[in-house]
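First subunit A sits with subunit B, and in the next complex the same chain sits with subunit C.
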Partner chain A sequence: MSAFLNLLFRNRLAAMGAVVLAVIVALVLLTPLLPLQDPDITATADRFKRPLTDGHILGTDHLGRDLLSRLLHGTRLSLAVGVAAALIAATIGSAIGIVAGYFGGRIDNVIMRGVDMLMAFPYILLALAIVAALGPGLMNALIAVAAVNVPFFARNIRGVTVGLAGREFIDAARLAGMGHTRILLTELLPNVLPVIIIAMSTTVGWMILETAGLSFLGLGSQPPQADLGSMLGEARSALISHPHTSVVPGIMIFLIVMSINLLGDGVRDALDPRLRSGALSRPRATTLVARKGDIPAPTDDLLAIQDLHTQFHVGERIYRAVGGVSLAVKPGECLGVIGESGSGKSVTALSVMGLVASPPGVITGGAVRFQGEDLIGAPYAALRAKRGDKVAYIFQDPLSTLHPLYRVGHQLAEAIRSHHRVPMAEARARAIQLLHDVRIPNAEARIDDFPHEMSGGMRQRVGIAMALANEPDVIIADEPTTALDVTVQAQILSLLDDLRRARGLAIIFITHDFGVVAQLCDRVAVMYAGRIVENGPTDAVLAAPAHPYTKRLIACVPELGGGRRELAAIPGLPPMVDDLPPGCAFAPRCDKAQEACRTGDIPLSGTPPRAVRCLYPEELV
Partner chain B sequence: MGGYILKRLVSAIPVLFGITIIVFLIMSLIPGDPATAILGSYATPENVEKLNRDLGLDKPMVQRYFIWLGNMLQGDFGRSFSLNRPVLDEVLERFNATLILAGTAFVLCSVLGILAGVVSAARQYGLADKLITFVVLIGISVPSFFLGMMMILAFAVNLRWLPVSGMYAIYGGGDLPDLLRHLVMPALALAAVATGVVARLSRSAMLEVLRQDYIRTARAKGVPERRVILGHALRAAMVSIIPVLGIQAGFVLSGAVYIEIVFQWPGVGRMLVDAILKRDLLLVQGGVVFVAACYVMFNIAVDVAQSLLDPRIKT
Partner chain C sequence: MPALKVDNLAKTFPLKKPLFGAAPPGVRAVRPMSFQVETGETLGVVGESGCGKSTLARMLVGLLEPTQGTIEIEGRALDNADPAAFGKLIQYVFQDPLSSLNPRKTIRQVMEAPLKRLYHMPKPERDVRIAEIFASVNLREAFLDRYPHEFSGGQAQRIGIARALAANPRIIILDEPVSALDVSVQAQVLNLLADLKRDFGLTYLFITHDLAVVEAVSDRIIVLYFGAVVEIGRAESIFANPRHPYTKLLADSAPVVGRPLTAPEQKDTELPDPLNPPPGCAFAGRCPRATDICRREEPALTPMGDDQLAACHHPLET
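Up next is the complex of A and B:
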């Protein structure tokens, strides 16, 4: 609770709203005790006194009544009526909602149909009809406003109750022989109450405004009694000659509604867990760059990642997702990057084209060079021109990575037209050709499918076709087959392999599966906790893994026809990258670890093409 | 598509019946004798009895409902006693004026609200975002009738840019420019709150969408950022914005009642308030049923728009 309040008041606007509202409520509660003039005593000689005249701080109205006194009494009335309407609406609406949700079936059906009918009205029409039937008057306006808001509560509370009614504790109560009434009152109501209170706090402002509105129309409080709405309504005829009589009650309504809104926003933000972590910020077009240290010199590789550091800054914490990774590919080469989830392999891949979500991502060091040109910190236009044209991505899970509302043909054509000025018809013809290339049968028809109309394997092929659209030099494939079943996976891998040989494109293939690496990759780099722990030619690494982690990872792959044996899972979990231990990050899970492993930085060493980051490697390389 | 529209139209029939039943039930809440309520307490017993017979009030309730419904289906909404003309004629004439006002305000709140929301999301935590958030907060907190009055003070009385009230100038008005000059202030005052609500929702919908994987895909294939925001992201965000536009249409229609009073706009809302104060119940009844029915139809149009936008909705 105190954490909740803290969060609420950290939001300065919400705190301001709370203070303003508290002042107004205190003033209103104290009104009968304050030395005010009678709000209803008329003095026509003193009419329309301007504010700050003697004896009338806020001036007087068209009948010479003291505005300050009328304002406070009016506010008192408006607040009381609004809160009363909220209480009535919440009580009746919640009762209807609980009954409908608890009993379900026919009762629920009939009640909710009725609620739907009521919600088919613009709210004021219903309120006007009720006032028309009952006649103008504050009490009738209150009834109208409450009645109009009943459906809102009924629907909300029914939704919550339906969820609760199926839960075990309700069944248990029923089995214990409790009657319906008792279950409703002692089991359901206490659980629904918080929702009712939140719904009330968000609607009470509305109800104050709605009753004020009806009074403004002359359908609510009748003279001489005045609430804020009728004060404004009476002042309207003198708006042009004596604006202060309108401004005073108007500003009061504004203050009340605004403070309730601010407070309500604060409550909502404090209750929404997504906002708590600050995750609801949108990623920028490119990853933020704040490089410290020297920038490595260019090499003659096609694409070179050099001593890359990428971090996530979340509040005070810094997660070192990538801590100095160097990788390179030449044309026609396939490099595998392997590691468990959270080892930093995807972040490394996304850093290349500045696609790490930012905030919270920041690239803090190193370089990414495409044909020698540094991409880190390159201006957006330069980066965009290369995205998809020189370096293309294939992502995991194509259901979420393809846009759900565009046809696949449109998405393919767009990839082409983002880099080449070609007419739509030409782009479309090319898109059909691409779908043929990735062996989608009946491409002419499938091109007008939406992603949700395709199977998982088909969607992944579309993802590959999209990466190939501009015949890039490098493709970065981030677990492109993880979401697929084995036969489809095999097809897609052979497809990628063919394309590489036919077009001489370089592939960086990210996976957690050594089987896939063995099938496709010339070289492999093993990542752990944001760093490379071993790399070398695939055959050599598979035949004689040097790092204990690599060895354990290979042992995890079950061998087909290898008979029944224990699956060699690696005990423990990868470390959190905001709190890396000194020395080898794998040491806590390694059975070979010595004291020396837990101190100081361990370099990547060995004779090229192999290297390992280990003091006591399984094999000397 | 045609089949879907037809299906939605058919499903509206029970709702329309429901509306007539609810209005009828509310009107039968009238305490005491309706004829006395209409004629006032000084009416002679003969007059009361005659009116009761004219209104069919001496018959049982269910029968009365079906007579009323049958007449309405034939286009007979009864006769307004205070205006001494058919209810439907009056409602249609007034609804036309309301449609001009509320329709303009609805277009304004949709366009301005979505625009503000998109800018706000694309420049999150930037100056534009803070400015928009502040204006929106004020916008959703000012009662529309107070805002309207303040606009009259500022732009009609002090600056003399725009006319104080009415739909046309009394002398020499009646053409389109005259209508537009009269429309500016009431439409803006009416749109203010809804614009704020739409802007807020659009902002959060855009922020939600911009974090999705398919936005990263669009960026990865080199789509220019402007197209990413205004194409990919906005299109996906519209899926959650459109239903809110439907709800806001209801609020705009409701708010029109206040604005019509403040600006002396000859619309259906002002007609209803006058009718209530004069106890012209047939006029209230007919007006409410007519406007609610139009609103139901509008919501069907919103659903159809939604299904056109989102192919995942089964049509």
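Up next is the complex of A and C:
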């Protein structure tokens, strides 16, 4: 709650709205206690007194009634009616939306078509019709405004509920023996409540305006009772001769609606999880660079990551996602990077081309050299010219990396044409050739498919084709087969293997699967908590792991053909990278850990090509 | 008496009727299948995405109405009328541990629901029972007043298992319980499941796509392809000695340390289209042994050797 208020009041405009609204609400709450004149007593002799005359601070209206008193009483009434209408509309609309979204099917269809019919009328016509049927009066205006706004809530809440109703916790509640009513009230309602509040906060101002509109037309509050709309309506005839009678209620309506809307927008921004997580702050085109310390000297590798440090700065906390990683590949070589979730392997890969989202990502040290040239801190134009052209990526989920609305051929051609000025026809011919290369059967026909028309394996082939489009020197593949079935995975792996042998591609292959590394990679680097703990030729590392973590991780992986058995496990959890222990990050889970492991930095040492970051390695390397 | 007996169970999802013309025949997610699980047994169910394994699981726990067939638990036929009756006999552990916990409820509220709704247990008894269950899944009771987002995947999955145990079921359906977890944590959860099974005399149906995991935990294994059972056999022999060519393809595709990289099938094979299923054996289009009869007649599940059944016109020799 206090975090919410903090977030809310960091928004200056929302804070301003809250202050104005608080003053108005305090004033109208205190109205009965203030020494005001009776708002309904007429004194025709005193009609149209100017503001700041004796006894009438805001002057009087056409019947000589005190404007200040009428204004405060009227505001009180208008606010009450507007808020009541919002509450009623929100309650009824949300109930309809939740029921329709949860049950779905025919119930959903019937309810939502009814709501659609309500929406088919222009709202003011509908409100007028309702008031005409019920007769004028403030209560009937309230009912009309609430009814007109029910569809807005119903549609909004139904959309959210449909998404939630398919979630597994609803199934779990059903298996725990809960009935429909209980699931609606205790499982769904708490999850849609923020959305209801957001929708209410952004519409209550609108509803006050609508009520005022109906009163202005004489359909709301009846004389002599004052509300803001009827005050405006009565003052209309004297608009030119005595403008103050219109201006006073007008300013009040403006202040109320503006302050409520500013506050409502602030509430929405503070409550909406997407906006809160920074969806509004567009990430920069390249990762922010704030390097401290020396920049390592160039080497003759094709791509070299040298002592890379990448951090995430979130508020006060610093997450050291990558804490000094060095990797290098030569042409035609395949390097495996293996690690569990949170070990920093993907962030390392994204740092190469400055693709880590900033904020919060910051590269704080090291270098990434492509053919000797440092890419960290390179200007955006230089990086962009290399992205996809020299260094290409293949990501885990091809469905989310391909644009759903463009045909795959168009996307492939676009990848080519963004780096090379070739005519569309030539790019298309090249795209067909690429689809052939990744062995998509009947490429000439499939090039005009949309991504959703292809199977997962086919989509990942398109992803690989796109990575190959500009004949890059290096491909960085981030778990490219994790989302695929084993039979498809086998095909994709052998395709990658053929391609690198045929074209001399260097591949950095990120995975959590030892079997995949063993089959595809020449060398392997094992990462834990943002650092490399061991590297070396794949066969040597797998046959004789030197770091206790590598050894025990390999033991955890069940292998086909081992039969029924107890599996080895590593107790405990990987450390959080915002709170790394001093010394070896694996020490708390390691059964060989000594005092020395928990103090000071442990270097990566050994005789090339192998190295290990451990004081008491399993094997001497 | 078997713990679970499934007879001719099938599910067809109807397709939307077009504005003009007759309704299409519908997608046969699970074709009629029959199998049994003995008390105390772990039956592994493997298959690739779209083979109907999750549809099967959801029918078994009553979340989905079968189109035909019956489910019997310990000799009693189940009907969908009363979900609470289902809940006391059979429970479900979900694939994604975090999305199976309501983000706005504390773990205590999550754990209390089955005790309150299924067993109408009073508060003091519930507290005792929750403490017992938490002790058996190695979770600290301090976790009970926290919210789901505060837990790692492994801890959340243990909470999911604890919730399933709270209903005191006879059978637990484990739907990919470890595929969202890291390998070092995966083994912790698998070993916990093995201990619980021994301590509480449970029966498991273990659904996964990971052959090595299913082999390590199961007694018997069912291989599904395109909504139908293609092979049933003992866990220790089915992958070493497959009779159905699809089982062999699965076993050959799993990446294994020390085996050279080869694509075990032609590179241009496509999976069958569920909207337009091929006649005969669904695997025929990918099968190197397929002949005309395979493209014409659907093969029936027939016994082959001890404890092994396969649905194939041209089974592999042993």
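Heads up, the rule we're going with is that the second predicted complex is superposed on the first by the 394 of 621 C-alpha atoms of A that agree within 3 Å, B and C clash if a C-alpha of one lies under 4 Å from a C-alpha of the other, contacts with A are read in each partner's own complex, and residues count from 1 in each chain.
The rule is short, and it goes like this: contacts are C-beta pairs under 8 Å (C-beta built on N, C-alpha and C of every residue); 3 or more make two chains touch, one makes a residue touch a chain.
Keep in mind the model is a prediction, meaning the values are calculated, not measured.
Enquirer: Just checking: does A:Leu30 make contact with subunit B only, subunit C only, both, or neither of them? Give me first, second, both or neither.
Expert: It touches nothing on subunit B or subunit C.
Enquirer: Check whether A:Tyr123 is in contact with subunit B, with subunit C, with both or with neither, and answer first, second, both or neither.
Expert: After superposing on A, A:Tyr123 lies in contact with subunit B but is clear of subunit C.
Enquirer: For A:Val19, select first, second, both or neither according to whether it touches subunit B, subunit C, the two together, or no partner.
Expert: neither
Enquirer: Looking at the overlay, does A:Ser494 come into contact with subunit B only (first), subunit C only (second), both, or neither?
Expert: In the superposition, A:Ser494 touches subunit C alone.
Enquirer: With the two structures laid over each other on chain A, which partner does A:Leu553 touch: subunit B (first), subunit C (second), both, or neither?
Expert: A:Leu553: touches subunit C, not subunit B.
Enquirer: So in the superposed three-chain picture, is A:Asn261 touching just subunit B, just subunit C, both, or none of them (first/second/both/neither)?
Expert: first
Enquirer: Just to be sure I read the superposition right, which of the two partners does A:Arg236 touch: subunit B = first, subunit C = second, or both, or neither?
Expert: first
Enquirer: I'd like to know which partner A:Ile57 touches here: subunit B for first, subunit C for second, both or neither.
Expert: A:Ile57: touches no partner chain.
Enquirer: For A:Gly218, decide between first (touching subunit B), second (touching subunit C), both and neither.
Expert: first
Enquirer: Looking at subunit A, does subunit C or subunit B touch more of its residues?
Expert: B
Enquirer: If I apply the document's touch criterion, which positions on subunit A are contacted by subunit B in one structure and by subunit C in the other?
Expert: On subunit A, the subunit B and subunit C contacts do not overlap at all.
Enquirer: Once bound in the complex, which stretches of subunit B touch subunit A?
Expert: 14-15, 18-19, 21-23, 26-31, 37, 121-122, 124-125, 137-138, 140-143, 145-146, 149-150, 152-153, 157, 164, 204, 206-208, 210-225, 227-228, 232, 235-236, 239, 250-251, 253-255, 257-258, 261-262, 269, 272-273, 275-277, 279, 281, 284-285, 288, 291-292, 295-296, 299, 309-312
Enquirer: Give the list of subunit A residues in touch with subunit B in this complex.
Expert: Result: residues 13, 113-114, 116-118, 120-126, 128-136, 209, 212-213, 216-219, 232, 236, 239-240, 243, 246-247, 250, 253-254, 257-258, 261-262, 279-283, 285, 350, 353, 355, 357, 380, 384-389, 392-393, 395, 397, 400-406, 414-415, 418-419, 450, 452, 466-467, 469-470 of subunit A touch subunit B.
Enquirer: Per the contact definition, I'd like the list of subunit A residues that touch subunit C in the complex.
Expert: Residues 167-169, 171-178, 182, 186-187, 190-191, 340-341, 439, 441, 455-456, 485-491, 493-495, 497, 512-516, 518-520, 542, 552-553, 556-571, 573-574 of subunit A touch subunit C in their complex.
Enquirer: For a test of understanding, state which residues of subunit C touch subunit A in their complex under the given definition.
Expert: 48-49, 58, 61-63, 83-84, 86-87, 91-92, 94-96, 99-105, 110, 113-114, 117-118, 152-154, 160, 163, 167, 182-188, 190-191, 194, 209-213, 215-219, 235-236, 239-240, 249-265, 267-268, 270-271
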